[in-house]
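Below, chain A partners chain B and then partners chain C, in two separate complexes.
Then we have the complex of A and B:
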């Protein structure tokens, strides 16, 4: 077989056409529209320069939404990763019931967010919900959760951590399989205790790939929509509104597609910035493998 | 040593119970009538479980149609992804060059540009194609999967060249190689990817939400959301029955493939 046969690119062509139409062309479309006034009441796009951007930057709601995205991202990813690593280590060290533990941690990953949202609306229900029931038993003040602007984002975060924990646990469990056993045996002979052992062996060895998983998770955290749409609709007020939800509102509730494209463009810029970080962290390896 | 393992078990059992609780709740509530849910032991399993809620959800909404649509969309996405990406991953794995390297990076970047971020332009594209409110529109944007290309390229690269050379001597062309060598030897990766793809798109919400506006094409997740909005007053029994109904197929599928999935996941090094 000849290496330099250009016809081999025909194998790439079909998928590349899909990629171009639904991922790369849309970027240019969104950027172009973001400079226009365009929507249900302006069916013909009118160029207005940076006006959409300036309006957003002057809008305190926009900044609250950005802050919510950051809080949601860090608030879900950090606790999820820390707990997932701990549980992966624990599961890795026990003999029996492994499959049960793995399955019971992993199953939320399979439940559609729409279904999970229903159950959690019940769990957070101010009168029937089991969380408030426990608070009452402990003689604590019940919390309005989804209806209270101080707690709505936290409620969404808790539910999301529950949903993703098992997936991260599996990633760490896979990483733990690659650590040579004799490292731990040597450490045990040296008389180190459990936490020292993992602090000095497990974390440094699992760490590097964790950084990659972290950045990818930050990117994924921008996708949050379903649970917000079904549980809080971004409210009360704007307390649990995020960039994607706001884009949806501008696009399909207010029908201001120009402004929605501005938000899309800003989101693409944030995502591409994070992609640069991923390539900085991991890029050499990826390009090396690709070349 | 012994004592520590007891502590391990206590922590893990506690955590498992907390995490399983929502699933327990979903099933327990689905089999209760509204009288029982308002009673005092509403969090405990029903003494007289009823299937009424399941019958009532089918009377109240077209969950049968939603199920068929979901299966069509999810299978359509998976089949097209594999058909499109397997040849592409073959090129990335076996024909490295500047161009294929650059294209591969475009595929990897796509993993990090989720469709959810691009709903506005994609809606306009579907509108231009006249595909609004069709099942095809729910399938097409996911077909060029960078994630699939990434995973399959890794898997293909690990296949020893000697096997390939033997097949070439036997007269295999590109398609023969894919059919006889690359696909069979990458089965674990293909299984894991298929499972992830099905679970992901079973879960899709935002894109089907904006692209559909009639029951004929809606999927289960959207159906559930509509159902909640239309049923005034919280009939928790019915809601949970609907929730169980949209969740059960995917859980069953996973339980069937569970062993293959977990083993492949833990050994083939597929990590996010």
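Then we have the complex of A and C:
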């Protein structure tokens, strides 16, 4: 191993200072506060050990929220990735109107989340919204969407998939364009059909993109806030409440900063764990070089 | 090829449709003038710059019912600024009640409070617990004490009094009332009469409500008998508990009374309407409810009196308003929002804020606000103004909420009401959607509310 030039630490210093102030310090502070009773109504933190954690583990609402997070993750990550890859392959193969298709899929990314959420509130409107109008035309029963516990989370999932699809598609598209054409030519000469070609060449070779998309969308699925805040406020009941929204409620609605920190700490732990697993298990198996 | 192009253009237009909607929506929002913008437009800032510097105060306000009330407030503030040279009020629309309380609380705790704000009346104990507001007694004394407060309906001060002081001034105040579709009642007169009901008046007790809802529900046409709206179902439910002679928590906010038989009976009644008879939809969003009613999708609804202008404008049928039906008595919590003045601001800002509050609740302004918003005309002197008399004569539906004050109770108040409200609404939601029984709901509500009360 080459010996490191000590000057590199000097160059890292500026970013380290900023990260310390705005990232590391708040994280450690939150971890510390998570063992305290602290908030607007008792401004002096009182140490109480693991009580906040135990309270949450005993609270059925907490487990429902974790379940919602898992469902939201499953509901967004897999469909988004599969659809993004398929659309990327199709667009890559389409000769005419490529820009048009790319734009059609990508434009939701350009709309601010808040504006998109308000549009979807209208789309989901139980009496005036287009979805229910279509359902009525098809003689199907209209659905309460955001106002119904059974559908509120699904409604948010659909909106989120729509919003993120274009971005991930673009990443896949970039990955596809890095795959050398001669591999496909060779495969065609060997007489493979369309699906074989993509199964054996495309999917393995977009591995790095897939890993990136997967990690980003796992993290994204824990960061879902804007659309929940604007579309359902976590309701009805707790049906569309997720970890980060619950943290916000504890922090800024109930002003129990200790408990909010507990939830934050739990979320950091879950995310670190997931990312480590993904990079540890999957990261090694990725084919980075086509050759 | 040309055809393909046309097709492509149509497709692009279709696929980007939501984009235009966003753009249209965005523009509308921009059009809302903020305080400074409005002042600039009327040349206020210029004038101020020439004379002495005005006291600039921030005013956070809330819009809690469907309808364009933000513009009404902006207009009122503009008039205040035009008539008061030394004060410049900057109105900030802070969202619905939940969002406004979050913003106010964060602002107070981070040491940059708005000078004057309106939040929901149940938040008083929270505001006191975080030491965010000043008592208004010294200002009220200066204005003449009881003669000043005597102008207002006394029931409205119920949620402003604590520790022997007055902490808030009533503003956008309401009670929930029963709206009923007179045409629909008339069309079903025979069936209503057969059940022993009078089709020319609204139901007066729970029993009549249940019967009328059952008769008027029409599944084929998608018409509900009555809507118990979600979002503020805690508030509407509180009314049912008072009607049944019960209460939710003790006055000192220490003991939960959710375990009382009166509460259980009210829960069971709601469960019956929503889940057994299915004459009330499981859960309707708050702002959606008046739209459902005025488009003829419900024969009756419980809603704030603040929904009146919208229903009046949008419904093409004759509708009436009435007291909420009674069980053992008529009863309702008051509702809405009060003005408060922040603590950690310079005294001249507090004085300016009081000037503003006084002006906003003067007979003329209270009457104007009541006509525009449907809220109660809080200032009794306002009711004697000729334009208000004329309005009430033409539109007697607007009288009901104020008359109902006679049977009103102060709304539930507790420190950290937001947390109680969350539990309250969530459990009612679950029960209305048939996910838990009334008994289970009662048990959960009692234990969680008691736990929250114990913490403070």
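Everything that follows uses one rule, which is that the second predicted complex is superposed on the first by the 262 of 291 C-alpha atoms of A that agree within 3 Å, B and C clash if a C-alpha of one lies under 4 Å from a C-alpha of the other, contacts with A are read in each partner's own complex, and residues count from 1 in each chain.
We adopt the following convention: contacts are C-beta pairs under 8 Å (C-beta built on N, C-alpha and C of every residue); 3 or more make two chains touch, one makes a residue touch a chain.
Quantities reported herein were computed from a predicted structural model and do not represent experimental measurements.
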After the superposition on A, what does A:249 contact: first (chain B), second (chain C), both or neither?
second
Partner chain(s) touched by A:238 [first = chain B, second = chain C, both, neither]:
second
Quick one: is A:41 in contact with chain B, with chain C, with both, or with neither? Answer first, second, both or neither.
second
Superposed model, chain A: greater residue contact from chain B or chain C
B
In the superposed arrangement, which partner chain does A:116 touch: chain B (first), chain C (second), both, or neither?
both
Answer with first, second, both or neither: which of chain B and chain C does A:126 touch in the superposed model?
second
Once the structures are superposed on A, label A:97 by its partner contacts, choosing first (chain B), second (chain C), both or neither.
both
Going by the contact rule set out at the top, does A:107 touch chain B (first), chain C (second), both, or neither?
both
Looking at the overlay, what does A:73 touch: chain B (first), chain C (second), both, or neither?
neither
Overlap of the chain B and chain C interfaces on chain A comprises residues 97, 100, 103-104, 107-108, 111, 115-116, 118-119, 122-123, 128, 252
Chain A residues touching chain B - in the complex, by the definition given at the top:
1, 3, 8-9, 11-12, 14-19, 21-27, 29-30, 33, 87, 90-91, 93-95, 97, 100-105, 107-116, 118-120, 122-123, 128, 130, 133, 162, 165-167, 170-171, 173-175, 177, 194, 209, 212-213, 216-217, 219-220, 222-223, 225-226, 229-230, 244, 247-248, 251-252, 257, 260-261, 264, 267-268, 271-272, 274-275, 278, 286-287, 289-291
Within the complex, chain A is touched by chain B residues 4-5, 8-9, 11-12, 15-16, 19-23, 25-26, 29, 37, 42-43, 84-85, 87-88, 90-92, 95-96, 98-101, 103-125, 140-141, 143-144, 146, 149, 157, 168, 174, 199, 202-203, 205-206, 209-210, 220-222, 224-225, 228, 236, 239-240, 242-243, 246-247, 250-251, 254, 258, 262, 265-267, 269-272
Show which residues of chain A lie in contact with chain C when the two form their complex.
40-41, 97, 100, 103-104, 107-108, 111, 115-116, 118-119, 122-123, 125-128, 144, 146-149, 233, 235-238, 249, 252-255
Considering the complex alone, what residue numbers of chain C touch chain A?
8, 11-12, 15-16, 18-19, 21-22, 25-26, 98, 101-102, 105-106, 109, 129-130, 230, 282-285, 288, 291-292, 295, 297, 415-416, 418-419, 422, 425-427, 429-430, 433, 435, 455-456
